[in-house]
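Multiple structures are listed underneath, in structure tokens.
One chain, subunit A, links the two complexes that follow: it is found with subunit B in the first and with subunit C in the second.
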Partner chain A sequence: MIDGKDIVIRTGAGAQSFDLLLRVVRRRWPAMVVEDAVSGKVFRDYTELPFSAIEEILIYRDQPAVVKWQRLGACDELRGTMIHALVSGNELTVVVDGDPPAEVVDLVDSIRHAVRGDIFNIVISLRDAA
Partner chain B sequence: MSSQQPDRFEEIIRNAGESWLIDSFASRDQALSHLRKRLTEVQACAASRGGSAPASRIDEHVLIATYTTNRERVRAFLQALGTVSTPEMLLMVWRIQEGWAIASASMEYVQEQNFQLCVQLAWPDRNLGPEDYKSNDIDDAALLRHLGILKIDDKPVLDGFYALSLQKH
Partner chain C sequence: MLHYTDTGGYKAISSQVTWLFRASTPPGGRRRGAYFTTLKPTTRNLAARLRIPREKTTHVFAFCGNEGLRPIEGGRGQYIFWSSNDYAVEAHRQEFHGLSEEHHD
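Moving on, here comes the complex of A and B:
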């Protein structure tokens, strides 16, 4: 069995967090498979993802990883093949293995950097329009 | 359509918190007409570009349908619709939102003489692209502030097109 580690990232990105997170992950896992952790619905294509309707996702490295996770559950052989993420309020929580491989550590660093960007954390004030 | 009747396009603009797109015009009908005209121009641009990749379809019906599943994506596009000047760059925004990656971007600016923004998109996993987008209109510089800024293994990446957080006071 492998343990999980929660990494909580404060961000104003809200629902946009998943889009950004998946754009990071797909650069390393181009065959990633995304599962809505609540409904169990699986998405193999980025364009199918209904970002407004999902709050918790599982991102598998590829389809063989999906099959192995379903068969074996959390075990050492599957270390670094799945990332769990959820959005709530001003937080993005990324759950990875307790002792994640370097590739996953790098992915999380990139995700943290991205969702902390100015665009998500600066509020622009609109004047009353005419 | 009567000026008193809300329509679905107006509803999503207002529900998205982007009422400024309508209220900054003298008349609501004039504003909606202008926005629809701009969408028509973007659609015409998409249809005329050719290339190996399928053309994007972008009109108010697509925006309305997308809004139910991807509110933030539509909100970001609406913000661009209100600030970005050329149909070509608006098409580029939509392409990025569809999942295309920004392969390269360059901006050239000489005070009171020249502005040029060049962006190349690609979708390597699908063997799509490259597609080139160019503008000489400095209003299009506004789109740069919407791009996601990443570092992958400490290397620079621009990816995604995101909505700004707006607050009315």
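Moving on, here comes the complex of A and C:
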């Protein structure tokens, strides 16, 4: 009655975790669609997300994936087309397919690196250095 | 607490006086167990949030109490719980079983 692999990443980024995560995903999935998992509100431009007010999102690879997920739920045909993410306290949980394709495994590695590394601090340091 | 299943699973479990939810090993390296949720049938994105096919949400068992159940690790532990062994629900805890669309709070 449950599927998916839950990857828990400890982070100090808090509500900014989604911002960091979505920057990474957008590089791989430029046509991504983001949905507030609880309300169902869809954001085509992720910068419109009220990051501090949302705790759970679904990130689809593209609009056709949105339609199919709503009609079918999880299935082999949709493997590697949706990432589910939740923020709680100092944790970011990323849920992917139980047997994710290599592209998604690589994507999760990039997310982990970005969220743990807190790229915002890196940018600030570079500005300070300039 | 709720447990979703398809027609086949529904028939197997509902045929018993005491519901027995059998522990099994889900795909993806998740620990062997019986899994449950607090998400109701009307929940938006139910199948996506549980990451199961929609056809596996057609039927539901609802019961009171959560004895012996633990939240899974991570954010979904807010609404997904599990038992490492088969999980029995005796008649006095049973609240509803049937089509998910017919379940009411």
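To be clear about the criterion, the second predicted complex is superposed on the first by the 115 of 130 C-alpha atoms of A that agree within 3 Å, B and C clash if a C-alpha of one lies under 4 Å from a C-alpha of the other, contacts with A are read in each partner's own complex, and residues count from 1 in each chain.
One rule holds for everything that comes next: a contact is a pair of C-beta atoms (placed from the backbone, for glycine too) under 8 Å apart; a residue touches a chain by one contact, two chains touch by 3 or more.
Nothing here was measured: the structure is a model prediction, and the numbers come from that model.
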item: First (subunit B), second (subunit C), both or neither touched by A:D6; value: second
item: Partner chain(s) touched by A:A15 [first = subunit B, second = subunit C, both, neither]; value: first
item: Partner chain(s) touched by A:P50 [first = subunit B, second = subunit C, both, neither]; value: first
item: Touching partner for A:D62 - first (subunit B), second (subunit C), both, neither; value: neither
item: Set intersection of subunit A contacts, subunit C complex versus subunit B complex; value: none
item: Residues of subunit C touching subunit A in the complex; value: 3-5, 26-30, 35-37, 44-45, 47-57, 72-76, 78, 80, 82
item: Partner subunit C, residues of subunit A touching it in the complex; value: 1-8, 35, 37-40, 55-56, 58, 69-75, 82, 84-88, 91-93, 95, 97-99
item: Complex contacts: residues of subunit A adjacent to subunit B; value: 12-16, 19-20, 23-24, 26-28, 30, 46-47, 49-53, 106, 109-110, 113-114, 117, 119-120, 122-130
item: Touching residues (chain side subunit B, partner subunit A) in the complex; value: 19-20, 23-26, 68-73, 98-99, 101, 125, 145-146, 148-153, 157, 159-160, 162-169
